[in-house]
Amino acid sequence: MTSLLTRPAVAPLAPGEIAPVRVGIIGYGYWGPNLARNVAQAADTELVAIADINSGRLSQARRSHPLAALTDDVYELLDDHSIEAVVIATPPETHHALVRRALKAGKHVLVEKPLATNVADAEDLARMAAETGLTLAVDHTFLFTGAVKRMKQYFDAGEVGDVYYYDSTRINLGLFQHEANVIWDLAPHDVAIMLHLLGQPVRSVSAFGARHVDHDVENIAYLTLQFDTPLLAHFHVNWLAPAKVRRTIIGASKKMFVYDDMEMDDKLKVYDSGAQLCASKEDIYRKLVEYRTGDVLAPKLDKTEALAAETKHFARVVRGLEEPISGADLGVAVVRVIEAAQTSLRNGGAPVEVKR
Amino acid sequence: MTSLLTRPAVAPLAPGEIAPVRVGIIGYGYWGPNLARNVAQAADTELVAIADINSGRLSQARRSHPLAALTDDVYELLDDHSIEAVVIATPPETHHALVRRALKAGKHVLVEKPLATNVADAEDLARMAAETGLTLAVDHTFLFTGAVKRMKQYFDAGEVGDVYYYDSTRINLGLFQHEANVIWDLAPHDVAIMLHLLGQPVRSVSAFGARHVDHDVENIAYLTLQFDTPLLAHFHVNWLAPAKVRRTIIGASKKMFVYDDMEMDDKLKVYDSGAQLCASKEDIYRKLVEYRTGDVLAPKLDKTEALAAETKHFARVVRGLEEPISGADLGVAVVRVIEAAQTSLRNGGAPVEVKR
Amino acid sequence: MTSLLTRPAVAPLAPGEIAPVRVGIIGYGYWGPNLARNVAQAADTELVAIADINSGRLSQARRSHPLAALTDDVYELLDDHSIEAVVIATPPETHHALVRRALKAGKHVLVEKPLATNVADAEDLARMAAETGLTLAVDHTFLFTGAVKRMKQYFDAGEVGDVYYYDSTRINLGLFQHEANVIWDLAPHDVAIMLHLLGQPVRSVSAFGARHVDHDVENIAYLTLQFDTPLLAHFHVNWLAPAKVRRTIIGASKKMFVYDDMEMDDKLKVYDSGAQLCASKEDIYRKLVEYRTGDVLAPKLDKTEALAAETKHFARVVRGLEEPISGADLGVAVVRVIEAAQTSLRNGGAPVEVKR
Amino acid sequence: MTSLLTRPAVAPLAPGEIAPVRVGIIGYGYWGPNLARNVAQAADTELVAIADINSGRLSQARRSHPLAALTDDVYELLDDHSIEAVVIATPPETHHALVRRALKAGKHVLVEKPLATNVADAEDLARMAAETGLTLAVDHTFLFTGAVKRMKQYFDAGEVGDVYYYDSTRINLGLFQHEANVIWDLAPHDVAIMLHLLGQPVRSVSAFGARHVDHDVENIAYLTLQFDTPLLAHFHVNWLAPAKVRRTIIGASKKMFVYDDMEMDDKLKVYDSGAQLCASKEDIYRKLVEYRTGDVLAPKLDKTEALAAETKHFARVVRGLEEPISGADLGVAVVRVIEAAQTSLRNGGAPVEVKR
């Protein structure tokens, strides 16, 4: 028995369709298989090749993607002229060299977060992308979730008002990394979401952390960010929490948000706020803050897998059809905050200015 | 129709019973009615009198406690020789003067938290209590909840191991106070619970906060506490949160706790931990932390109302039958931490040493 | 020291105020103290006397209500001409005789649910109330909760559409009663809420149950109710459930409700429905039902204690200012459903017609 | 660039390994892709071919499984002698003919639930499987989840005691099927879990349902099952529920279980029960049921994807290494209960005996 189906001859593109971007994946470890699966399944991208230094992983790649070319030599992949774009999912300390090399080879790049492990490297990559005119996108996946997209709509529509605080908790029993502490591992997610939503530059960062399991890396940290406004942002990241918590609370003058990613339904709750001081009649000692209305709305959210939305968006940015949502600028801004947090951590929590 | 029941003649005490402590309540505002109700209902205490400067509140008091003497002159109450103990539920800034006056009048004292609004005053009261030999208890009510009592048993039994972190979130849409910010209002609860459970002296406090509604008082704050060990403690207090959260997570080498006071059932969850580093086979880049077992236990908790348990305990301390759980020493220790937090807050988050 | 406050002389009523209804409480067991507390605290009622056959309970009553007259002779209370209304909180099997006697004595009556233990008795009381012109209210407390009042607004405003199903689960580790099974104990709550909201007469009831602990009484039961429309109602009541569940789901053509009384916040969630059949493009085997919008609203609810609202309402009905929400008619309708369920239970689940 | 990797030559099996079972998938609609993915990824099975009548689905299959043979002719697949086993994921009304044909062709079969759409057909298939000696397994996937496996351990160890009730709720906004109502769609899951855990034969079934959207099929139904013991089982299935609920409560004399599949963590909670009647001291009207202990345990669960565990198990049953967990007998037993429910539904809820 052989297949009834033959590969279709190349058909003219329908209106709105783009020629699929030919993509190579570099790194097939923890996150790479998810990226590969989305690149393979999306109509806008075609999975051409996969590179990894580990033969066991290449065997797994062959099982899931038997038609992709496989190699343990990343340069072989980068030298393939038929590949237009690469998705890089290797450890952070390799990002600078690999992205550089990929841009040099004329490839568009989607690189796993963080863009680089220090500000100088991140800025170098952003500069190079700007010079080459190639797309350099950073995989801040959460920006493509239904909840973040819905919040962004509220912000863009001016319905949020003055933002008072941004409070995020991202804790779980975690994977420890040799090269990075919990700040580098988890905080980029939330810093990217916050910068994306608020669009305000961070003035300074103060960070406290502790090491309990591995003497080299912090497994818990608290980051406090200050701005030019009274806005206060705070991030709790933790690899040693017994329960998984992924919750962001945003307080503002017109709306308040609770975004709980561990809820199966209703991940986002929106509260009309408009906090107002009023003297309480019952008690002269205290003043009660009243909300204009206590109704809570859990808006319907787009349930498209974030990585699928991001992959499609990347392809359309490469084709010049969309502006990058998570481009090199955002990638640099995130690294600036994280690097400042590291400096503060080494200095006992002293606030560290963030380059703008 | 008249009552069938006549007041019983004084009966000899049964074994284990104590003569009820005759109590006067000073302050019948927000919290006072709860204290009065418990004093009235407990077998170990007798509600004799209530003082408040506000006639409207005295009218309410008469409705609920028609047999108690009522006065708008606190000194009249303190001069009543038949009263053995007073419960003080007035604003914090009045605590020092009133507790001083009560001790001078020979009364045992249970005072609402915080003990005083600065360390000097708190220490003064503790000293005076020690000199007079009278009981000076601070109403840190949460110490008498089933969840905290159960955690305390784990700690006392040595089943917790080295404590890594103590993380508390106490946020809601709050009552604003003229005289106090959110730190003075909410943090004493959690600082008291933490000191009670851990028994470790705090080395330094760093605090960040912001004012969004009232220009005089912070409505959000983050406190980070450091110790002589790698233990890190952190408190998030917030009067402008859309949802009420009351959650404490404690990470330690043998057990981890999640204490969620907003759960109707299962407020306390206990995780066997024993986090251990182990190389993950799947990924050479990462090390996985494994717990010895993932079973989670929600132990049965004593459901006695905390204030009832505290009232009974206070009476037994007054009668010399129990050691104080929440005495002047704890009250002073809490004020030391809060005052240091205030100092840090005024100094941009710089860590401030805590007096021991 | 004596009270500064003297009882105020009788003052002329302010606009909107009513002369307090003088109330006697009959029965001070499980629920009586809650009723007594609300009657005592409400401005519209005055607690005059309490009757109970148990001297221990009368002692408790004296402690909480020292100014109320106390008696172990219910007839003494009923003969007191100064008492205008009685609240009866005695076991169900005593309701018929006591309510009868109270109406005969010219008292308005608020009786704990169920109105009576059989339809004939319930109808007799309703008839007698109608003849005497006195108020006969049944204490279906849940009708006065914020969640039920809010749902009732949706129904009254015609925003719900055709009701498809009414599904209720009321289970917990329960109190067993000698005289009643779990249906008589728990189902009246939900049947009353349903009749109140829907206003449709029940056609038939089918009930299944089982006895596992006490050989005389069912501790678990399932009731299925049918109507003249395709509406299906179902009640699960259970005294042997490990976790407490109090949840009602109502499905209708325009709105759907989830009312979860165990939620601390957001007890009511409202879904825009408008279910519509549509052929799914992905799968010709199946048809997908789509909702018009997936937004979920948790409306702000009145947080007044239900019993306080009910007490005030009862006083205003007695004074002729409001129409009864939970009067004798509703009380009879509830008993008709419960009695039919009992009959079905004894007949192996066969549907039993409900008298209209 | 070409692949570095070549297919390994056939290596001798390591101890414990089995020769992969060569599998064909019949039906690539809603559930088929999940089965195909697991068959492809498991070490114990090899995905050889996929048959579907729909060319669009075959295109999807080619994208995900480019090396599998594809056909729109199921007989071509069944005639392929290299295929040892087939996984059938076609609509229920096709099961009887396809399973028959597959067994006749000498193939082992794993068929999606239900085994057949009536008892006669189901029994016919079970008989034929017994005669041929081939494996006939029914895909009751939930039997392979961590939660059900853990409950089964409690039952097998005799730690549960007498079972009092089995209460299941499986409701959501559902997919409507042309050919089947909500009972046939959802109830087989829960009936299979219940039969698997309890091992007691069902005596009778009573079912009520209603049609609100499609005039041909019930979208809501309640099933009550009775046994030779006082055990009561109940299933609520509903396609028109605004929120997704997947919860089973099992009450028994020694343990109680709450299995909530919508919880991200702690899907299973285990309560020590041992309900005992005791006279309550507080109230002579009532008897309190007390549990021996109120501790609740959330045991660690195997997190292997259920379908992966089931696929592996199926391969090992085919190879004669394991006894079938979800074989033809269970498949028949489930269809007997569902068919009885259908009969009861058509007869106004009258209890219908279940063939044993």
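Some observations on this one:
Labels for the chains are A, B, C and D, by order of writing; each one numbers its residues from 1.
Here, a contact is a pair of C-beta atoms (placed from the backbone, for glycine too) under 8 Å apart; a residue touches a chain by one contact, two chains touch by 3 or more.
Note that the structure is a prediction, hence the values are computed from the model and not measured.
In terms of the stated touch criterion, the partners common to subunit B and subunit C are A, D, listed by label. Seen from the Cα centre of subunit D, the chain whose own Cα centre is farthest off is B.
Pairs B-D and A-B differ in how many C-beta pairs touch across them, and the larger number is found at A-B. Centre-to-centre separation of subunit A and subunit D, using mean CA positions: 38 Å.
Between the Cα centres of subunit B and subunit D there is a gap of 52 Å.
The distance from the centre of subunit A to the centre of subunit B, each centre being the mean of the chain's C-alpha atoms, comes to 41 Å. Within subunit C, the positions touching two or more other chains are listed as 243, 269, 296. On subunit C, the positions that touch subunit A within their shared complex are 266, 269, 293-301. On the subunit C side of its complex with subunit D, the touching residues are 29-30, 54, 91, 162, 164-165, 167, 169, 171, 173-179, 206, 208-214, 220, 222, 224, 226, 230-232, 234, 236, 238-243, 249, 251, 253, 256-258, 269, 271, 273, 275-277, 280, 282-289, 291, 296, 348-351. Touching subunit B in their complex are the following residues of subunit C: 1-5, 40-41, 49, 55, 58-59, 62-64, 66-72, 76-77, 79-80, 243-244, 262, 264-265.
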